[in-house]
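Naming follows writing order (A, B and C), and every chain is counted from residue 1.
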Amino acid sequence: MSTDNVVEIQNLSFAYPSGRKVLSNIDLAIPRGKVIGIMGQSGCGKTTLLRMIGGALRPSQGDVRVFGTSLRGMSQRQIYALRRRMSMLFQFGALFTDMSSFENVAFQMREHTTLDEALIRDLALMKLHAVGLRGAEHLMPSELSGGMARRVALARAIALDPELMMYDEPFAGLDPISLGVIGQLIRKLNDALGATSIIVTHDIQESLKIVDYIYFVADGRVIAEGSAEQVKASLEPYVHQFVWGEADGPVPFHYPARDYVADLLGSPGA
Amino acid sequence: MNRTTIDLWVGIFVALGLAALVFLSLQVANLTGGTSGATYTLTARFDDLGGLKVKAPVKSAGVVVGRVADVRFDNQTFEAVVTLRVERRYEFPSDTSAKILTSGVLGDQYVGLLPGGDIENLQDGDAIELTQGAIVLENLISKFLFNSTSGSDAKKDANGPEDEFEE
Amino acid sequence: MMNPAPMLRRLGATTINALWRLGFATRFLLATVRHTPAAFRRLPLTVREIYFAGVLSLTIILVSGLFVGMVLGLQGYDTLARFGSSEALGVLVALSLVRELGPVVAALLFASRAGSAITAEIGLMKATEQLDAMEMMAVDPIARVIAPRFWGGVLAMPLLGMLFTATGIIGGFLIGVVMIGVDAGQFWSQMQSAVDLRQDVLNGVFKSFVFGIAVTWIAVFEGYEAPPTAEGVSGATTRTVVTSALVILALDFVLTSFMFMR
């Protein structure tokens, strides 16, 4: 593969120690500068995939290469060094509840740099300004609405100008306006920072507006991929069902059951 | 919560805690009083200590003048040797006598010093010659019992019931 | 006939699980202690935790201490008066508080006030992915979250224990001397001659210190290991209080037998 891929995943499988298999034989490449969507139903292993890119979980099989180096056999210290170049937006923001918006954004600057207080203040306010919440610097997370909290979390995620951004369900539980705002911010920040973004989501309509390329994951494997236009036009039954939100299709509406007629008409003792 | 407010409260908290420690050390455990000042040691031999323990007070005329520092048994003379640590500011004549007494009927035992009339005073390391051991309650009771049964012979001396038995 | 195998298997599984948990908790404690320099290099973090563990427990500690001391004064006087030695009230109040009640009751209150709060806070941080987020920012949560809370609790506990003991003795004084009329001089002087600084007071403080380590360790471990759900966090909070109470009483027995029985 070309070296301009920020993340390369080869033949990756993952199973929990309990034996439950989550991912099998995944191949992915995330090229630099792009916004990539990874879509799939809830519980199909998307978040697991993100955690593996972040080095929080180790693959059972296969390899993950981030910024050209393999995570295989990396020490905790090396993984921490790698994580400073990436950033993750968690499902519900995961803001530190005991700190104000400003302190949340300044957190990484205080932890990882020796910048003086005045500079940290300027930088943090710039990040908050980028998400339109410079005026909310003193508010605590409990005083923010869901959409605002997500934007503060976004400002926190870009605090140290990461090269790789990962979004875990960035649209979950947002009203339509906030949803549009977050979507636009993800795209704008990615282009402004020259970063690469991975969006894990099941919100297909919103993400189709902003992503360059999409992978579909179902039952632990990649079943389809393509650009936004290709996906919309796709006739592949699963993709079609997913994109258009149909109740029945390759993913059945009914949980596997006995034959309906036989179940109702057959005598209970038979 | 503001940083300076937290600092202030934690400061108050630590100060209160230290004040409690000072209170416990000075007012409750009396670090300053007792034998913390300059002291000198005296020894005294007793035939019977009763329940005297290390750290028991040494009193003269009812005032605490020192503490029992050590108690041991002399295997040559079969007596108990008690080391007393007396405060430097109290001096006693060299013919002072020591008694083991009890505070109240069932209270703790202490060493009582009864000053004599000598001109010279006891020095550090001196021994008190005149001593009287503890009155052991069992001995007292049995003496009383035997005295009352043996009627007129009761005026035998105080050396105990054994003597009476032998007679 | 009953088959003993399943019962034995269950016993074995329980034992192995308990040992595994204990081992895990020990490794967790070692990791926390290894990050001690982080907690003290950034003192404001630890000071903040002293505030939450110590200052916020002050009210309950002081009020309870006062009442325990007053009850000791009443009960002690009632009993001692029967033997005509009510002047020994000071000794009774002081020794029972300094040696036993102060450290133990303060630690029990600390476990239910501060310990449960620490568990709930850490458990909630875990449930809302705050700890994961920190981890992804290349900040070790054990250094940033656990170690300051651990040391905050460990440092606050002895201070709280001493404050409990001191207010308790004042409570005993109020009841015994001010209300009932035991002679103040006798009250204090008998206390002073019976209470030894090293043997009684410092041993009591040492007990407090050990209880502080135990309670805070349990609290941070339960929080960190709580299942990341609402039920998980509430269950962990309950476990903190119950485990702490049992551990405090067991440790108290062990420490007392080493300290005072010779």
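List of remarks:
Throughout what follows, a contact is a pair of C-beta atoms (placed from the backbone, for glycine too) under 8 Å apart; a residue touches a chain by one contact, two chains touch by 3 or more.
Everything numeric here is computed off the predicted structure, so don't read it as measured data.
The chain pair with more C-beta contacts between its two chains, of B-C and A-C, is B-C. Chain centres defined as mean CA positions place C nearest to the mean of all protein CA atoms.
We define each chain's centre as the mean of its Cα atoms; on that basis chain A and chain B are separated by 80 Å. Mean C-alpha positions place chain B and chain C at a centre distance of 38 Å. Once the centre of each chain is set as its mean CA position, chain A and chain C turn out to be 43 Å apart.
Shown for chain C are the residues that touch two or more other chains, of which there are none. Those residues of chain A that touch chain C in the complex are listed here as 54, 56, 80-81, 83-84, 86-88, 90-92, 94-98, 107-108, 111-112.
Chain C contributes residues 44, 47-48, 50-51, 54-55, 58, 85, 94, 98, 156, 158-160, 162-163, 165-167, 169, 188, 191-193, 195-197, 200-201, 205 to its touches with chain B in the complex.
Chain B contributes residues 1, 3, 6-7, 9-10, 12-14, 16-21, 23-25, 27-31, 33-34, 55, 57, 64, 104, 107 to its touches with chain C in the complex. Contact residues of chain C toward chain A in the complex are 121, 124-125, 128-130, 132-140, 144.
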